[in-house]
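Both complexes below contain chain A, partnered by chain B and then by chain C.
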Partner chain A sequence: MSLSGVFFVFLFFPSSILLYRLIPEKWRNSLLLALSLIFISFGNPADLILIGLSTVFNYFTALEIDGLRSMKREKTKKLVLATGIAVNTALLIFYKYFVFLMSNIGLNVNFGIPAAPVGLSFFTFSAISCLCDVSKGDETPLKNPFDFALFISFFGKLSSGPIVKYRDMARQIKDRTMTATSVESGMKLFLIGLGKKLIISGSLGKFFNAFRTQDISTMSTVTAWLGALFYSLMLYYDFSGYSDMAIGIGRIFGFSFSKNFDHPFISSSMTDFWRRWHISLGAWFRDYIYIPMGGSRVSKSRHILNLSVVWLLTGLWHGANWTFVVWGLYHLVLLLLEKMVFKKILKRIPTIIKTILTFLLTVIGWTIFFSDSLSTAEAYLLRMFGLGGSGLVDSMGKYYLASGGILLFVAMIGATPLLSAIGSKIEKRDSVLVKVSTAVFFALLLLISTAFMISETVSSFLYAQF
Partner chain B sequence: MMKTLAFELCRWTAVAVAILFIVRLSDGFSTVSSANPQKVLEAAYTCADTTNLQPASNQIIKRLYGIDPSEYEFCALYYALTNMDVDELLLIKYADSSQEQQIQSAAKARLQGQKNVFENYGVGQMDLLNNHSILMSDSGFAFFIINLKADESAAAFINALREEE
Partner chain C sequence: MQSNQKSPKLWVTSMFLSMVICFNIIALITPDKEFSETENRMLAQSPSVTAKSIADGSAEKNIEKYLSDQFAFRDAWSAISFFTKCYLFREKESNGVYIGKDNYLMLIPSESNPEAMEKKLSSVNAVTEKYGNIRHFISIIPNAVTIMNHKLPSHVPESIQPGQITDISQSLKGITFCDVTGLMKKHQYEELYYHTDHHWTSRGAFLAFTAIAPAMQLNPDNIQYDIYTVSESFEGTLSSKSGSHRYYDKIEIYVPKGEHPVTVKYSDKDETSGTIYQKSFLDTKDKYALFLGGNHPLVTITTTADTDRTLLLIKDSYANCFVQFLTPYFDQIVVVDPRYCYDTVDMIINEYEITDLLYLYNADTFMTDTSLTDLLAFE
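Moving on, here comes the complex of A and B:
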């Protein structure tokens, strides 16, 4: 079931809210769990069993770790933590990377691996965060197994994030409130996310799909850059839209999840970009890999090693392909250059120049990301820099600039804080006109999103493939 | 101590059950052919009756089979020149058993759909659909053909898979 599908938006979601509101408070977590299980079963019912077994494993592992910590049996606790992390990682490696690893060592075997359970990358990371947080004593384990199962499988965040850390959700599972304000705010965020995904990302996607079918060897420089721009913005609106929907759903049920995107295209450095793009993933790697390895409070060589491990894993997390590995390492190199080589020079450069440069560098990175092989990525990048292809501009480039230029411009403006700042200012005015206009705006947003929803045949969330 | 042992038992039981479940869901080992998909396609196409066949775009594949070619490593279709013919040749290289099942379901639905169209009036078409259609999966490739020379084409497909790239 997709969060942006007709069934979810018009039946599952409103029914969930109504049932949640009507049911006594002590049963609300159980209701959310039941709804989450129904949500999972709509995809592949076999996922219920695997997610269930993962939940059982992590539930007992967390309890055991907590018990060992209180008994001060540190060595055994670390061993249990290590095996817990290893089992979760093994599940992820098996489903996502087994065939890739086998083919890279020359073994073209297919184990007939079944499809990965929905949200595998997200719920295993959430589970690992639980084991680590309990081990450190930052949180106690959820004793009620149904509450723990809700943490793992909550439908709002299961399929494509955000990656919610245990310490951020555990207390809210035990204690939260659904208020009129949270429902209104959550609903608005959900609708904004829906619009971003269906209307803007969907429209950008139609243009990008046209680029995908073109022969790269005959592409002009302008066409190559246009394709990369369409993809960059399409991915942003798709993923940030989905994150908004997930956070909005959580807010309606009283959960407060942190934002996952913070206008990444206004970043003035790569460091800044990674504080604004897929924030939950970056925070997870920072808290559970980078800092335990020593972070930046180590020797220079060790710092470089720590960053290398994080960026290798960040690339791999996105998929089993060398393009993702290279994309991760591309960002590593940029970050290292920024922190260790050009630090003083960059301080002297005006922010606007740094912002444009950062934007262009991330767009270049996305070409590696969307290519299906390194050779395709290389060919595409060569076209972007005027090597080979059909020169600077061709008829295709002119056509897509003319037909998609306005959409690109609007999408780029929308990716800045401008519109949300205007929206916030308008909302602060307490008048009937503002209230009515706001209601009309969101009604229109839902109407137009519905039209896009119905017109697309299949539009699975892009990041769901990760 | 007893609690720790109980937790250990529970969690490793969950792991054991998960392993059994995954093995049960999987289809066992098979080798994936390293043959060049384009060469496999050419081999199968050459041995088919190509009189009525034309190459299909990705949009046509989506329309006829409801699958997205971009999700597969290799996906190619030849389909009939006119709506009154039913000749088709589909070759897809898939990554896992779920994709294989998806392709099988799509091909079966396509075959049944064509049978529904030509039932009661298309004698020649129904003969091809009932007696000259083959759907098979082997070594990571799915092959579907409706053609007078379906047997020869399928044999060429299998032979081509055995050739190393």
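Moving on, here comes the complex of A and C:
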């Protein structure tokens, strides 16, 4: 079920809110779990079996690890933990990477791999975080299996993240407070996310699809850059829109999830970018891969190895294709250069230049990311740098600049903190006029989002296929 | 929800819930529509949710399609999204339609599938070869985007259609290819296409006829026409598709002067009619269906022309308003729309003793539609 579809926005979500308010508090978790199961089974009921098996396995594994930890049987605990992680990883590999791995060693997979269950990459990472947190003693396991099932399958975050860590959510399942303020801010965030996804990302996506069908070999430089810009902003609005909706839904039901995006396009370095882009994924890799491997408090060569592992896996997480691997390594190289080679020089460069440079470098990265294969990525990059193709600018480039220029500009302004700063300044004034105009603004946002939802077939969430 | 409404802090939440509830109430009290006049298509109906449809995931898709198809005020929503895109973001296209100058809406041309095209062309060649005793003609009519390019938004890349049409003409053998692009281009400043619809006007069809007639050994100078404006409130398919409702087209008909009685028989209807114009459609949204009553599998038009020529016209909807120029020249015209007709060309040629065969398509349909290949298949 898509969070931005008619069924979810106009039926499932509002009825969930009303039911949640109406039933006694002790039934609320059961309600959320029931709703989550309906949410999963609506797309493909077979997913219920797999998510159910994963839940049961991780629930008992977490209890076992906790038992061994309290008995101080470290070796056995580590063995169980390793098994648990291996089983989760095996699930991920089977559904997402098996065909890719086999084809790379020259084997064709002749049997059909079933489609990956909804949110596989997100919920297996949540499950692994649970096993690790319990093993370290950071958090106790949820004793009630239904509570644990809610942690894995809560419909707000299941399909598209953010990747919620166990230690951030476990306690909230047992004890959370729902205030009017959190509900109201959650609703605002949900509507902002819906607008980002349907109005901006949807429009940018239409343009990008037109670029997709173009012959790369004859593209002009300006056209190539425009296509890359449309994609970069579309991806940001799509993914951060979904994250806003998920976090908003969480807040409405009393959960507090950390933000997943923090204006990534104003980053002044690649390090800064990764503190602002898909924050929950970066945090997961940091906490469960990078730091356990020793992080940066090791020899220089070991540090480089640690980073390499993290960025190889980050690339692969996005999909089973060499383009994602190369995209991950591209970021690795940039980060290493930034940290180890140009550190001193960069300090002397003005922030504005560093920000523009970082933006351009990430846009170049996305061209590798959106290409179907490394050879098309190579051709595309050559066109961006004016090699081959049809010169600096062609009529196609001019047309898309004329037709999509304002949208691009609006999208870029919207990606800076400017609008949210204005918004929070206005909201601080506590007058009825401000409240009425805020409600009118959000009503308009809902109406325009609905217009885009109804008037065209909305492309589905990009990250759901990763 | 009483607690919400009492609390002054929940303005946006209350707004959301009350709006959503309103839409649900409207959806419940308004009966489902079967057909959308503005979009000219059947709407999804209440899906039957069965264990099987849930299991294979089709239930979700069907419910989502049903809800959005039956959502209240569909036209208003597309107008709002058009307004946002074209006034706020100043975009030059909406939903596959260029927003041209002077309220001209033009379909963005489609690419063809090379394999399907090759099949289509070789089946045309096979029919030409098999029926060497009859005359074969084909004309592919370029769309507005190619002819009226001065009305396009600035910098729109050059139309791919002239290249596509040339490729087609070069792949065909033994058939007379009637080129109309050059002549129509010369007259591009006339109203050859509707502003709000993807069809050509009667004026456009007449102009093409003057180019096609000599190739078909018809003398267009023999006939004069009375031109009548039958509607000035036509809002066509491109208005609905793009969401732009800012212009009304007029529809003209060209009626040959003198006595040219016709008997029109539709294969999917019992009645016969004495005219090719079905004026009742002028009271509906789909006013272009005035010509031959829209698309039918097979229509026979019998005339008193006494020329010993019987024409098989294999066509799409562009030909519907072209037929008015053909009636004085043939004893009988058999109009076949392969998209709805399940007969084979063999059956039709033999049954009606065809002497002339004309394929008449607009470029966009010819590039994308594959039903012609099925019609031309031999048993």
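Please note the rule applied: the second predicted complex is superposed on the first by the 464 of 466 C-alpha atoms of A that agree within 3 Å, B and C clash if a C-alpha of one lies under 4 Å from a C-alpha of the other, contacts with A are read in each partner's own complex, and residues count from 1 in each chain.
As a convention for this text, a contact is a pair of C-beta atoms (placed from the backbone, for glycine too) under 8 Å apart; a residue touches a chain by one contact, two chains touch by 3 or more.
Keep in mind the model is a prediction, meaning the values are calculated, not measured.
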item: Partners on chain A (chain B, chain C) - clash or fit; value: clash
item: Touched partner set for A:L142, first chain B, second chain C, both or neither; value: neither
item: Contacts of A:L281 with chain B and chain C, given as first, second, both or neither; value: neither
item: Which of chain B and chain C A:I173 touches, first, second, both or neither; value: neither
item: Contacts of A:F10 with chain B and chain C, given as first, second, both or neither; value: second
item: Partner chain in contact with A:F94 - chain B first, chain C second, else both or neither; value: first
item: Partner chain in contact with A:T213 - chain B first, chain C second, else both or neither; value: both
item: Chain B versus chain C as contact partner of A:L48, first or second or both or neither; value: neither
item: Per-residue contact with chain A, leading partner among chain C and chain B; value: C
item: Chain B versus chain C as contact partner of A:L233, first or second or both or neither; value: neither
item: Stretch in clash, chain B with chain C, out of 20-28, 74-82 or 128-136; value: 74-82
item: Common ground on chain A, meaning residues reached by chain C in one complex and by chain B in the other; value: 46, 213
item: Complex contacts: residues of chain A adjacent to chain C; value: 1-2, 5-7, 9-11, 14, 17-18, 21, 41-46, 180-181, 183-184, 187-188, 191, 199, 203, 213, 252, 394-396, 398-399, 401-407, 410, 435-436, 438-439, 442-443, 446-448, 450-456
item: Chain A-facing residues of chain C, complex; value: 1, 3-4, 7-13, 15-17, 19-21, 23-24, 54-55, 57, 59-60, 63-64, 67-68, 71, 74, 77-78, 80-82, 84-85, 88-93, 95, 111, 153-158, 243
item: Touching residues (chain side chain B, partner chain A) in the complex; value: 3-4, 7-8, 10-11, 14-15, 17-18, 21-22, 25-34, 58, 62, 68, 70, 95-98, 140
item: In the complex, chain A residues that touch chain B; value: 46, 49-50, 53-54, 56-57, 60-61, 63-64, 67-68, 76, 84, 87, 91, 94, 99, 103, 108-115, 212-213, 457-458
